[in-house]
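Let me begin by handing over the structure; questions about it come next.
Residue numbering begins at 1 within each chain, and the chains themselves are lettered A, B and C in the order written.
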Amino acid sequence: METADVVIIGGGVIGTSIAYRLAGNHKVILIEKGEIGAGTSGSCDKAIFLQSKKPGFPIKLAQASRMVYENLEEELGMKIEFQKNGGMIVIENESHLDFMRKFVKQQNKAGINVKLVDQKEALAFQPCLSPEIVGATYSTEDAEVNPLLLTQAFAEAAKRKGIIIRTHTAVTDIVTKDGRVIGVQTNKGRIETELVINAAGPFAPKIAEMVGVGLPIIPRRGVILISEKVKPMVHGNILCSQYIATKHLSNNTDAPSYGIGLSLGQTESGNVLIGGSREFKGYDKAVEPEVLTAIAMHARRIAPFLDSIRIIRTMAGFRPFTSDGLPIISETPNMKGFIIAAGHEGDGIALAPITGLLVASLVNKDLKYKDFLDPLKFDRFNAIHASPKQG
Amino acid sequence: MRIKKHPILESLERKEVQITYNGKSYLAFEGETIAAALLANQIRILRYTEKGKAPRGIYCGIGHCYECRVTVDDERSVRACITRVKDQMKIISQGIDADEI
Amino acid sequence: MKYDLVIIGAGPAGMCAAIQAASNGARVALVDENPVPGGKLRGQVYKEPKSDWWIGEKIVRSMESKIKQLGVTCFLEREVWGIYPKWKVMLNNGEQLESDFVLIATGAAEKAIPIPGWTTPGVMAIGAAQVLANIQRVKPGNRVAIIGIDALSLTIAYDLKMAGVNVVGIYLPPLNAFSLEKSNPLKMIAYLSSLSHLAPNPMLKLLGKLGQIESVQKLGVNYYPPFGMKVWGIPLHLRKAVVEIIGNEAVEEIVVAAVDQNGQLGRKQEKRIPVDCACISGGLYPLVELANAAGCESVYIEELGGHIPLYNEELETTQSGIFVAGNSTGIEGAKVAMAQGELVGTVISIRLGFVEGGPELIKKAKEKVNLERENAVIKFHPGLENGRAKLERLSRIRE
C-alpha cells in the first residue's frame, strides 16, 4: 500500500503553497479532486490588498505574507505577474466619508501607508473613475498577482522538490484509529499516512466531517465579470468603500443586495476583472442573471468606461467564510494528525505565502510562528464539535 | 477579388454604398459584410492586438473567434465578419487609435 | 415576452423547427447573431448524386419566406448570453424571451491547428473561405493554399475552384499537439477511403476510390508522387506539410516540407510557395456553451465532434424543456440537421397540445432523421455510427 508522511487535501493556492514549504523534508502527496487552481483560486480577482485589512492581528498577518511576495517570483522560478501597482478604495458617497476617514487613521496607526485623497487627486491618478465619486484612499503598498500563475508556480516548484500531485482524485474517507489519522481513502486507492492537511477551502467542512469534526467555515459565493481585452485603463486595483463597509461593519444596515461591492482590476493581457457579489448560497453555482446585472450596474457607476466594453464571461467561486474573517490554521483538538488550513475567504491570495510557512511550522513542530498561529487556532470558535469518529 | 460570375450560383443584384475605413472612403455592396467589403477592396487587416499591436484579419468567418473586431460608428468590438455594411458607415480598426478604449 | 418555443440559431435545424412548430400553431421566437437566417447552409453548393444541384442559398430563401408567412418572430443580430430557469433566454440588448421550451441549434465551429504565422491576415479557417466565396462572392485570395485534408476542406477546395480561385495545393498540417492524426499520411489515406462513394463532387469521389485501392493502403504512401497528384486540377499533397506561414501585414508565402509516412519531417530542404491566403482545416466541433450554461449534462464523444449535451431520442437534453438539433448534437450534414429540426418542432407541438396523434408523428419524424443519415453524401467522421451508438447507450443509462 502507498504511504506518505503527509497528505494535503486541496490543490488550490493554499494547498500548493503548503506543499511547496513541506517539500524536501517529507514525503508529501497532494490530492486534488479537479485541476490545480481550478476552484476558488481560479475564480478570484488578483489583488493583494493591505489597506483593506482590519487593524491589529489581521494586518500583521497580511503584512508578513506580503513580505514573502517580495522574492517569491525569484524563489519559485516562474512568472507570477507580481506587481506593486498600489490600490485604491473609492468613496462613492458622502455617507461613507466619515467612516473612511476614521479607517485611514486606524490603518496609519497600524503602520500602513495609506492616505485619503479628494476627487480631483483620485481622478488624476485613476482617470477611469467617475467624476461623481467623493474621494478615495490610496496605498502604494497594495500589490497584485496572477492567481492562476501563482498556484501553478507553487505546484511546479513543489513538484520539482519531489512532491507528488494527484489531480482528478477525490478523497472519499479519512481513516482514523483511537483518535488519530491513519490513512486517506480516495476514489483511486488508499494512502497510509499519519498526517492530513485539510486545505480544501470552501469544501474543508466536508473533509473535516470525515473525521467527525464540525468546521465553522461556510461557502460564500462570489461572482466576477470578465471583459474583453482593452488597453490599460485601470492602474493597480480598486475597491469601493461599500466593500469595506460590508466587510468591517457588522451592523451595516444599508448593505446592498447580493452583497455587492466593487473590486476592479485589469490583467496583464488587458481583460478587466469586475467584482463582485458575496452571497451565502450553499454550494449552488447557478448564478441568477440579476446578480450579474447588479454587479455591472454598480461597477459602471464608479468606472463609466465599462459601459462601452464587452463582458466575455463570468466566473463564480466559493470563498471559505469564517465569522471572524480569519482563517483556521491549526491542529484539531481530539483528532491527532489532522491539520486545518482553510477559511481564508477573500484573502486566500493575499495570505497564501504565509499560510505555507505557518503550516510547515506546525508540521515541523518548531515555535517560529507561535505568535501568528495562536490567534488562528481552531478552538477560538466556541463551536460545537461533533465527537470524533470511533474507528 | 469579387466573383462576378459563378458557374452555378445566380448573380446578385446589389446596390452600391459608400463606407469609410480608417478615414478612407470605399465602395461596397449593400448586404455584404464589412469583412467581405474590405477584402474586395484589397484590405485584409481588420484590427491590431491590444498588447503587441500585431495585425489581425478575418479568421473564422462566422462570428465565433472575435479576431475581426472593428469599431463601427463609435460602437466597439463589432464583428466585421457578421455585420453588414450600411451606406455612410464609419469603420475603424480596433487597436489603431491610441486614445480609444 | 412569452413564447411557446424559443429557438437559438437560425441555421437549417433552427429554421426547420420553427416552420414545423409554427405551422402547428405555436408562437415561435427565432434568435440568431447573424443579420440574416440560414447559417452555414447559405454557403452550400454541390451536385446531388442522383439529381440536381443542392444550392443552400435557394433553400434558405424558401424557408425564410415560410417563416415570414407563419409569423415567426425573428430576433436577428442578437446574442444570447444566458439561459435561466425555467426558461428565460437573455439577449444582449436587454430583451428577455420566456418559454417552457427552448431549442439550442447553435451549430458548430472549427477546431484550430496553430501553425507558425497562423495569425497573419490572410490565414483563415477553411469555413471562412466558403462563406467569402459562396455567400459574399469575394475570393478569399488569388492564390490559396489549403492546410488539412478532410471532407470539409476537400469540399471547399472544390467550391473555390468553381468560384475561379487558384488553389495552389492541399497540404497536411505539421505534426503538433493539435493536428495529431491529421498530419499523418497513412491515417489520411485510411480516412479518405472511408469517405462515402456518394461523395458530392468528383474530387471526393476520386479520393474515396484512391483510398480504397489496396496497394495504396498496403504500401503506405511511399509511392505517392512527391509532386502530389492533381485532382480536379488541384494538387493534393499527402506527403507534404505546411510548416510555416510567412508575411507581416498579410500572407506572402507558405513554407512546405516533405514528411515521411508517419508525418515526421524529413531532412530534405523546405520549399517556399507564394500565396496570399492560407486556409486551415482542423475539423468541426459542436457549439454547446449555452447548453452547458443552462445546466445540461454533457458527454464527450470523439466521433460526434467532442463535447455534446446528453440527449434522448426526442432530442431533449437532461434539462427538461431544453432541446438540441443540428450540429449541436454531433457533426453531420445539413439534411440531418433539417430533419432533426422537424423532429423537435413536432415533439414540442405535441407537448403543447397543438397536434394529435403524437407517437405516430414522432415515429415518422425520427425515421426521416435516420433516412437522411443513411443517405448523407458526406460523412464527417468515419466512426459516426459508433459515436451515435455510444450516445444512445449513455442516454439509456441516464434514463
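We take it that a residue touches a chain if its C-beta (ideal position, glycine included) is under 8 Å from a C-beta of that chain, and two chains touch if they have at least 3 such contacts.
The chain lineup, named per UniProt: A = Sarcosine oxidase subunit beta; B, C = Sarcosine oxidase subunit alpha.
This is a predicted model, so every value here is computed, not measured.
Asks: Taking all protein C-alpha atoms shown, work out their mean, then name the chain whose own C-alpha mean is nearest to it.
Replies: That would be C.
Asks: For the chain pairs A-B and B-C, which is connected through the larger number of C-beta pairs in contact?
Replies: Higher contact count goes to B-C.
Asks: Let me have the rounded angstrom distance from the C-alpha centre of subunit A over to the C-alpha centre of subunit B, please.
Replies: Centre separation, subunit A to subunit B: 44 Å.
Asks: Please tell me the distance, in whole Å, between the geometric centres of subunit B and subunit C computed from their C-alpha atoms.
Replies: Chain centres of subunit B and subunit C, defined by C-alpha means, are spaced 24 Å apart.
Asks: Hunt down the residues of subunit C that sit against at least two other chains at once, touch-wise.
Replies: Counting only residues that touch two or more other chains, subunit C contributes none.
Asks: Mind pulling up the subunit C residues that touch subunit A in the complex?
Replies: Touching subunit A: residues 81-82, 84-85, 88, 90, 295 of subunit C.
Asks: Subunit C touches which residues of subunit B in the complex?
Replies: Of all residues in subunit B, those touching subunit C are 1-4, 6-9, 12, 32-33, 35-36, 39-40, 44-46, 54-65, 67, 81-84.
Asks: If we count contacts the way the header does, which residues on subunit C are in touch with subunit B in the complex?
Replies: Its residues touching subunit B are 33-35, 40, 45, 53, 55, 57, 77, 109-110, 119-125, 127-134, 136-140, 142, 162-164, 248-250, 287.
Asks: Write out the stretch or stretches of subunit A touching subunit C in their complex.
Replies: 286, 288-289, 292, 311
Asks: Write out the stretch or stretches of subunit B touching subunit A in their complex.
Replies: 50-51, 66, 69, 75-77, 95, 100-101
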